[in-house]
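Across the two complexes that follow, subunit A remains constant while its partner is subunit B and subsequently subunit C.
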Partner chain A sequence: MSSSVKAPEPNTLETPADTGRKSALHTLMRDPQAVISAGILIVIVLLGLLAPLLTEHGPNHSSLDAVNAAPGTEGYLLGGDKSGRDIFARLLNSVNTSVVSALIGASIALAIGVTFGLVGGYFGRRVRGLTEWVFSLIMTFPGLLLLIVLLPVTDGDYRATMMIFGVLLSPGIYRLVRNLVVGVSKELYVDAARVSGLPDRRILSRHVLSVVRGPIVIAAAFLSGSSIAVQSGLAFLGIGSNEVASFGAMIADGFTNLYEEPLQFVWPSLFLGVMTASLVLLGNALRDALEGGRPKASDVVGARSRPAPAAGAANTAATSTASGLLVVEDLTIAYPAPSGELTEVVSGVNLSLEAGETLGLVGESGSGKTQTAFATLGVLPPEATITRGSIRLDGRELLGLAETELRKVRGTSIAYVPQEPMSNLDPSFTVGSQLVEGVRAATTLSRSEARERVLALLQRVGIPDPRRTFDSYPHQISGGMAQRVLIAGAVASRPLLLIADEPTTALDVTVQAEILDLLRDLQKDLNMAVLLVTHNFGVVADSCDRVAVMRQGEIVETGSTEELFSRPSHSYTRMLLDSILDDGAVRTDGPADAVASDSSSAVPDTEAS
Partner chain B sequence: MTTPLLDVTDLRVSYPGRGLRARPHEVLHGVSLHVREGETLGLVGESGSGKTTIGRAVLGLAKPSGGRVLFQDQDITHVPPKARRSLARDIQVVFQDPYTSLNPSLTIGDILSEPLVVRGASGSDARTRVRELLDHVGLPANASARLPREFSGGQRQRVAIARALAPKPRLIVCDEPVSALDLSTQTRVLDLFIDIQRRTGVSYLFVSHDLSVIRHISHRVTVLYRGDVVETGPADRITSAPEHAYTQALLLAAPVADPIRQRERRSERLRLASLEPCETKAN
Partner chain C sequence: MITYVLRRLGTGLVLAVLVTLITFLLLGTSFDDVAGTLLGSGATPESIQAQKAHMGLDRPVLTQYADWLSHAVRGDLGASYFTAEPVRSAITARLGVTLSVVLAALLFTAVISVALGVLAASRGGAVDRVAQGASLIGFLVPNLLIAIALVYLLAIKLKWLPATGYTPFAEDPGSWATSIAIPVAALMVPGIANLSAQIRGAMIGELRKDYVRTLRTRGVPTRSIVLRHALRNAAGPALTVLSLEFVQMLGGALIIEKVFALPGFGSYAFDASLQGDVPIIMGITLFGVLLVVCVNLAVDLVNGWLNPKARIH
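On to the complex of A and B.
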């Protein structure tokens, strides 16, 4: 294979970072909780397996000499019980009983639950209806009662009982797996696998099962725990064969002997407790490892450096000369890395914005443009830290304000229009009630006055039938309408500054044009300053007076829109402007010759850019 | 002219309505189009126009309720699963979202070699082919041992393209493949698509909402509006001097990255909108 792609791509060709890639097993090995609980379980299971070697008597061997023998008696390490049986031997054999119960119960539940969960989740409605019905039926059986009623069938053999218990546990696993599979099978990579021509069986085993594997492993740990508990519980009640050594039976024996020999009660309880607790703790550790626990470092760092900006800001405010409605100076935002170090995502950003002006904040993903906007709104996530800088609105410092003060500013002076209009409306309330609530929170209007105000606003933002939209739920209106509604809510309090974060990215182009027209109109009417965060240079050219270009947390260039488009001074801006697919970029070459072979790269690479 | 590679005639697709007795909701009302060998047909339309559904019907992911889909003169409208699997050799796909179209728990090497192994390639053959494919899409050879999450959006989309190329298909359905990418990455990925087409002669059914992307990659363009074809023609004509009012509105609505020309374009759009009480506008 000789041909390679022509354009060298500095950004995409570089080797991806090696860090951050650890197998779940590796994470597990470093978690003390997992290592200790797994270690205890292994020791206990080994003790059980080695029982014939470690003990001198069988678990049911009874000797009158050993009745209530003291611990340490020759041949009776932990003494004898009230029937003269070796407690140590019975303990170790009980471990085996528990392990077998856990294996049978959990594996039956998993085999049934996982198989039908996969089938019910992946295939169509009809199959799912049937499996759903069957498992709902199983769930209605009273579990413990059924196990006792069925004793004549199982002949008191705990293994048969555990098989039935496994079936009774399976609906839980079925529901878990089915829900996961329904989610996964809507993923694009499952579609892609179908298109790749993989048979259903392979898609299920490789693509679907690999994703639901984690939760299943975790559930298995808990299933084992509950199987052991149920087996012991039944044995404690005296249900099942007396021949089988079991923690439950031992606890029952010890219980009757509690006042003479309390230790006889302690040993089996201790073993049972440690085993089930280890299983639960191991299950939790597995969940953390497989599903990713949250890093815990952030709180410490956030708490330490939160108060810092206020002090720094006071200094800069005193010495600063920049003026404008909104002045952002030397703004630096950092996030804690998993190691605890702070990583700057915005470094020393300076912006200023006059009333009635639109400033476009442009950049690619990860450039920090949204973080800057969020900092101005005061809605950065709690782990974010503003390490230095100042944000002033109309001369008033916003950084370091208390949350109640900030809320007042946000209600009256700064408004926000988000990217996804639909996810910013609560689906369970009508559009009107949400807007009225916002207006009443910011003003002292009565409910009916607020309603009039909202209807007037809806009219103003170009909604054809305001009364109908007022009474609609968010799912009943289109995305463009929802954005108009949010704009109406944003300008309700006649804000000084409107921050619009990619306000048209989720909308169709024809709707985008209308929304931009609306924003421009409102701005003229209200003499608002608009901070427009976008990645689209077309939107910038359409709506902005000035532009700031961001890259990797820094502003590389600021200027008037016309100047920036005609004479970009920074190489990054030029690169961005060059990547725009404008009218000139019509494809010029004709359809390719139908060459079937890959290797014939006969066509010379003369590419129009 | 030889017969087209893909020939779609009067395609109708309905989705079942919600609830027991709800009437099915038809999203395509008889769409006809064709794609020739080595050609890119751009499908452009807004949300709800049914452009993605056409791609899914061709791929067999959506069931047509009427009409006919011919691929290399063979009727593939309703093919049984087994025959559909063998079609996978010829028809492939690149989806929009590079973040969800790759299985997060498989390495790039596994993702790329899986379809090959299923088709009976030996392990070493598959590995050689994977290396070839990675080279094709401009990814380093050591990428195959890595997981999708270690790659950026553009790189993931390259992996998705490599996966589509693996069986040497005749047609790739591209469903908004660059919409989720940054501007500069977008251009490079589009150039990669063009480069691959020149080298392999593969055809693209290229779905996008963005006229400038469509213009960059397509030889011919079909414009869709609410499940109907509005207009079909050569790319340069459709994207510069369209005949249909809807296409004109679409063209003028997309802002150009030039403040002065955009101002002219905006007044032109507002003039057109005021002339005719726009029947194309959604309520």
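On to the complex of A and C.
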């Protein structure tokens, strides 16, 4: 994914932090979810604060005349409860109880969690070991059990209970802050501040705190919500003083009176529900604004080609009569920008490749070469759209094929060797089982036949002890070995076309040449066509028959390797060639002389642990 | 492997000692009230002191704790101050009720969350919006209101299930299932809301990884990629969340058992706490911590099996 979309650059005169803050506030003000939930909360809290002015009776004042009084009775806006207390007054005072619970619970959790998160994240291993241990201890406490078990200690005062609850909530905040701080203290600007002699306290408060501020604001909303819910739950059970008005106690009273006076149950439930729901929704809106939204799920199967394939073919049929094993015509790939409109990352690319031929696709990162390769394999990320064009393999149009059809093509005709060997192996499965699964998906071989083929392939790609590697997990083999494994996986189904995306970039220099030789050998053996995506002209000179140069999503020059090296016609190609020749990175001698060319007996890399 | 389990159990015991010690120290501040409650309304400061001396509550708190601990390691958790019922047998008799509710809720939470999370992450679109909406409702509505709504709907309105009470499994498995159905459902809702969101997030992360693309290029079916590969890699973080859910549910069971009049661990703890029945409170705390330790160990062992890098050799 070297070439993803570039979002439009923000005003570069502002520092990133400033823009982030301003735009977050801006997004928040325009987000109806944030505005409405914050508005509701403010109204409810104000009602609670104004309770003495709005009500005629205290929350605990009971009068025989008011027992189950109807709503609207003089002085009893919402009527009286079964003890003759003013429901409206009790509701507003319950709001105050909830607000106090939220403030105590959230501020204790934040105070403890943030302080120790900063300390544990910023200072060394030893300090962190201690804080880690203490907080995992707190986490093992079954929270509510403890709140109830400690009733004799708190004496039923909900404020003391909320303090304990705050302590119980603190490990979550501790972990959040600790992770953020560990991340930021590895940043260069914090290193720079440290080197320039700023005291730890200043660094923590200035650089580190600014990073954790957003997540803390978000967490505060959720902490408040859970504090209110827990306080109500305990009050519902009858824990705590009868003098304290609480939604939980009101709900419990109303529940026993549900048939006669359902409204006595509805009001506190409604207030409690609306308050906690607003806090959660506000928290979610804050998260979206401050952290740029949560990842969106999409169909695994991924990108859809938008145009009807026939139309795409018709567009290009008139202008081109290209034929070959692989023909890519007028391929255009776009991604949605944050604003919603599509930005093209590949525009009108034409490529063709004969059987057995090697084509180098060259360009700097972000030029669209990997996107072109992924489109050919049919594995573009889900948000990508192919807006027009045609990709034909052996005369068959691939764009618009159903996933099941495409899967057959991928298994048998096109194969892929990735750039980064380690991340392309599933860490949870042995190397062998992953390869066997691929072989069985592409062929009708039995499990044991597939196993035999995989073992033979591992031998073929130059792995010294195939059986051991077969049973190893990816983290037990070296990068060079992993790349051989991936090559074995790619050629297992004897494909017509191999797409290798920077196959040597992530490897040690000594291993690079061996891998290139191996690819060349396999190509000869199997008579495969190879599309070699690279930014390295050395690799091109070594391996490619022809070269296509890409820049900003377009092919700027195509030609045979010799032509291109001796007479580059496009200035961009010349610039690329010059910059590389300066480094002296090109192996100008023939590939056969450069290394011992017999790759199957090449020095095996035995870093495997 | 065996040494690993033993070492983990050892740290678990240390933890149990620490947690019970802290609980005991905190309870130590309320011993006057305990003695007062025992004596009833006629208690005088003198009679309270005499009662404390009689029960040994006037000794230094640490001495008392050491005393409790030395009996506890021999399996003697003392007897209730109020009923003289031995604590250990009382707790084990009630543990079955609590565990059947909590473990059933945990099992359903895991199964439903995996289904919701995987579907939402791998299908996207409308399926994802529905799953996220369902999860959001679980977050938005306080557990208490969900429990009441379930009772109102299923027991009072539709009369499908009993509102309160408990039938032991051995007596009648059918009635047992209906008697715990509403409590289990009430415990599950917040658990599913949390866990399905976690699984969805982890699955989205996994499905975007490089190895998924490579498996696709080899023609491996989508079903196998999602269920065998991505889910297995997403399961580690989800299991950790599940073990935290267990702790939550154990606490939630306290409230739920009280509301539904289930004769479990939770309602026992609740009544004991209101009275200040110290031996029961200590026994409950000890069992609670040991349960959490065992579940965490089980989760770590499963994690090791799932994740070869974390495997203990």
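Heads up, the rule we're going with is that the second predicted complex is superposed on the first by the 438 of 609 C-alpha atoms of A that agree within 3 Å, B and C clash if a C-alpha of one lies under 4 Å from a C-alpha of the other, contacts with A are read in each partner's own complex, and residues count from 1 in each chain.
Going forward, a contact is a pair of C-beta atoms (placed from the backbone, for glycine too) under 8 Å apart; a residue touches a chain by one contact, two chains touch by 3 or more.
Bear in mind that the values here come from a model prediction, so they are computed numbers and not experimental data.
Participant: Please indicate which partner A:428 is in contact with in the superposed arrangement: first for subunit B, second for subunit C, both, or neither.
Facilitator: Only subunit C is touched by A:428; subunit B is not.
Participant: Does subunit B (first) or subunit C (second) touch A:579, or do both, or does neither?
Facilitator: After superposing on A, A:579 lies in contact with subunit B but is clear of subunit C.
Participant: Between subunit B (first) and subunit C (second), which does A:403 come into contact with in this model arrangement: first, second, both, or neither?
Facilitator: Only subunit C; A:403 stays clear of subunit B.
Participant: Just checking: does A:535 make contact with subunit B only, subunit C only, both, or neither of them? Give me first, second, both or neither.
Facilitator: first
Participant: Which bits of subunit A are touching subunit C when the two form their complex?
Facilitator: 137, 139-153, 155, 228-229, 232-234, 236-237, 248, 251, 255, 258, 269, 272-273, 276-277, 280-281, 284, 294-301, 374, 377, 379, 381-382, 403, 407-408, 410-412, 414-416, 418, 420, 423-429, 434, 437-438, 441-442, 473, 475, 486, 489-490, 492-493
Participant: Going by the contact rule set out above, which residues of subunit C touch subunit A in the complex?
Facilitator: Contacts found on subunit C: 15, 18-19, 23, 26-27, 29-30, 33-34, 120-125, 128, 136, 139-145, 148, 152, 200-201, 203-205, 207-222, 224-226, 229, 232-233, 244, 247-248, 250-252, 254-255, 258-259, 266, 269-270, 273-274, 276, 281, 284-285, 288-289, 292-293, 296, 306-309.
Participant: Mind listing the subunit B positions that touch subunit A in their complex?
Facilitator: 36-40, 46-47, 59-61, 81, 84-89, 91-93, 95-97, 100-106, 114-115, 118-119, 131-132, 135-140, 142-143, 146-147, 150-155, 158, 160, 163, 166-168, 182-188, 190-192, 194-195, 197-203, 209-213, 215-219, 235-236, 239-240, 249-250, 252-262, 266, 269-270, 280-283
Participant: Tell me, which parts of subunit A touch subunit B in their complex?
Facilitator: 1, 3-7, 9, 11-13, 15-17, 20-21, 187-189, 191-200, 202, 206-207, 210-211, 364-365, 464, 478-480, 508-513, 516-517, 535-542, 561-562, 565, 575-577, 579-583, 585-587, 589-596, 598, 600-601, 603, 605, 607, 609
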